[in-house]
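Note that the chains take the letters A, B, C and D in the order they are written out, and that residue 1 is the start of every chain.
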């Protein structure tokens, strides 16, 4: 069965979500991945938004986390304060999985979504943190979407917007952050995870038709590829649920 | 804030009275929802300059104020409007061309700062951003802060937890309170005294409203009696915080207003196109200047587009809207 | 907290499962309103001991727990039930006879402490109590605090404003977060998953609920479907915080439950009389022990008294109730 | 026209409230005074409660600040957090007038509502601060109800629950509190105010039939009585509105 890379990425991320997870998601493909998990492999998972809606019906795909579509048939509508408190709360935080994207990522999963170049005279400016820094600071796991490009997988970030493992295994603790950190990085070529000891990124899987070498060529830093396996493509069932239930009007796909 | 009295005003009068050049302003809403757009266009029309704008993720409203050259300083968490502009275009341009000074925070930090302002405390703590450049890099340097009495002397401060390891926390970041000169919000219902009822998510509107020295409210429905008191549980902002209430149907257009109308994808897409080109953006601005009221702007959009975005009664948004 | 699942339980099971001897407990409500009294009586019946109780102004519920000898440590802002006992009688007696250790805070401080717990930060700041004995005098000394790992090492901490004079504030008091082992609240409506809808004032219930490791909810009406999702704006506590939901009509009796029933002045006056006399209070306690469920207790009160306190539909309280 | 001391006290306090005031009140006579002001001399004043109700209709007299009667036809029902934030808020605080009571008061208007005797082994225990310390810390003015007794007007408090002017004119500032402080003390014999310079209590007025000397005999400390004048008794209009509108069932009066 034919599928696009976007579909593959959404499904690969969705498979990481479990029934007991509370999924924080942003716009675009991250929202699609959360909806795919709920419709396919984790029907008991709970989707929630930084704007304060939790467990929304999502009959129609929202185009922003401020979209009125997330307010319909939610369990509770509140505001930003409550949403972020849920992620920082000592009891709920361990259940929250964040789905994030960024302009740059380094080997420890730190993210830049602010500037390219000097902060005071940037060459490129992005939207900024939004809730990403908050999510990355608070929650126990995060799933990161990235495009597999050399300029995006950087030895050194131009600006550290959202904390991964900072400078290594002790990084978060030294900085005062809670445990947790990025779980995996889903790209248009494969998927990386983080070594439980060194906290460095390694290649966990590659898409059918891609070889690990290609992935390495599209990164500025070197990662371990010895543990990588080919990732199963989306099944017919996964694809049809994604297309028909999550984004029938192809607003994102 | 004004304790009591009849607060209904015309929007142009309210803006003229309270929003001055150099004013510290915050606006309600989030990305493409419930931005006080009628008030934003009125500020643009009155050519108010040198605003210090506090934004969390007030996408469209912030971008239009910046695009019109009304803003000189910006404190912001996120400059984007979802699918229509993952990074707001005039925001990006103004930063790259150094037309505005900018200071970055996270969304939670901005919200906490408004909450601190509304609570009357100088700061609130969080663990967000420990170890990041949000703490290390300051857009407003110490000197600029020292010269500007309306700014705290620091962007934020790290503090060792004075309660030892309580809550397994070694360290927190303290973020300074914001007390805007003026906050403007758009709500579904308000009454003549200034009681407000917001349907759906409140975003950070309530905190922004209560943190402000002056609060201007625009509303879809204006109640000229005490009807809202029949359901006090649902009124998030009591009248004592309000200064002016203006009745502006479609006051959030082209952003959405839950239960009333959706965002207008046609407008937002066109806006993004205009924003990319200097000449076309100037023409766009001319068209804003030339329409003396929000009604005139809505007339130029036309009844058909407004009908397309009308919210389904049950859903609160326009289910059949073509959003591609 | 339990993310998902069917959480409906019998009250005695919920109390047995979660409220253990030595447990740190907080209860919802305020003075004579919406105290989770059915749960309080169940705790008394199960003869749970050595509770560390966090109260702001939870009048009747706190006094009955203390009177039954269930409490060994108390952190409290106010021990009173309005006209019926300006100082709660068993509370006063337990302190004077040194049966409980007590630590005093103000109402706002207790509320901020629950808010801090719900936000996941170790403390929150306020200017309240600067210069007073609430800061200077500690009921729990440093040694007691050091021995007790569930307590912060300090009652509160004064901090110079690290943002210079920002907000005209030189100094604040930091109050430490509370994360109770268990919070019990009584609400008007809850569903099988644990979504809660509170009518009228929420007091500090929402903060107490979200600060807790375990949340037990009793409710007037239990929804076995997703009805509450039709009005998400009105649901203050989403289900992810809840562990157990028990359907207990009149679960706040003898305190009030807005829109359902008023407080029972006869019960509260009698209680105050009993509380003054050791022998009579023991008989009162025996009567609580002897009734195995809240229904039995209500039966002993009788239908007539329950009808007298039934709330007027429009007003939310019993307008004609004789409260002298 | 006949009146009781309680009626006199409620009316004397009510007269201090103005149309632009937001009145914080507790239970009993303080609630009655706030309702009297609203029904008699300050119809535009706003009554609000620490539990979060503001501008309640108050068709029926509440017996506690948690009484459901304050929830009916309010402008907004929220909770304790919002109520106290309104008093600490830099813009609203200056409009709030608190009405308080206490077990003991000193010459600077500091209040004790916690214990008599040693804090760790008290002879008498009262309810504790409740919101009183918060109100006294935050708001610009407060009106205090006291019984005129020697054991209540103390040279030194057994416990300082709620701050007045602390140890004198610079007291609040040194401690870090905002300006403001107690405005007046209404007793069953007369009314005290605080000197604008020394911040010490002085006698402002005495009830008909009372002489200043009697008041001094019922205080442990000395106050200036030279500025005192006789206070006008409640008018027929004041009394009838108080009795008929505020407490027709005589729950407090």
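To be clear about the criterion, contacts are C-beta pairs under 8 Å (C-beta built on N, C-alpha and C of every residue); 3 or more make two chains touch, one makes a residue touch a chain.
Since we're looking at a predicted model, the values are computed, not measured.
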- [ ] Find the geometric centre of each of chain B and chain C from their Cα atoms only, then give the gap between the two centres in Å, rounded to an integer.
- [x] 37
- [ ] Would you kindly tell me how far, in whole Å, the mean C-alpha position of chain D lies from that of chain C?
- [x] 27
Task: Where chain A and chain D are represented by their mean Cα positions, the distance between them in whole Å - done: 56
TODO: Among the residues of chain B, pick out those that touch two or more other chains and give their numbers.
DONE: 120-121, 126-127, 167, 169, 172, 179, 200, 233
- [ ] Could you list the positions in chain A whose residues touch two or more of the other chains?
- [x] 53, 71, 77-78, 88, 90, 138
- [ ] Counting only chain pairs that touch, give me the topology of the graph as line, ring, star, complete or other.
- [x] other
Open item on the list: Applying that definition of touch, give me each pair of chains that meets it.
Closed with: A-B, A-C, B-C, B-D, C-D
Task: chain B residues within the chain C interface of the complex - done: 117, 120-127, 152-154, 157, 159, 161-164, 166-167, 169, 172, 174, 176-177, 179, 199-200, 233-234
- [ ] Could you pull out which chain C residues touch chain D in their complex?
- [x] 29-34, 56-57, 59, 76-84, 86-88, 91-92, 95-96, 98, 104-109, 111-112, 115, 126-134, 137, 139, 158, 167-172, 200-207, 256, 258, 262-263, 311, 315-317, 319, 323-324
TODO: Would you mind writing out the residues of chain A in touch with chain B in their complex?
DONE: 27-28, 50-53, 59-60, 62-72, 77-81, 84, 88, 90, 114, 119-134, 137-138, 159-163, 166, 171-172, 174-178, 249-252
Task: Sites on chain D touched by chain B in the complex - done: 19-22, 44, 46, 53-55, 57, 71, 73-78, 85-86, 88-93, 95, 138
Open item on the list: Using the touch definition from the top, list the residues of chain C that touch chain A in their complex.
Closed with: 1, 3-5, 117-121, 179, 193, 195, 210, 212-213, 226, 228-230, 232-233, 235-241
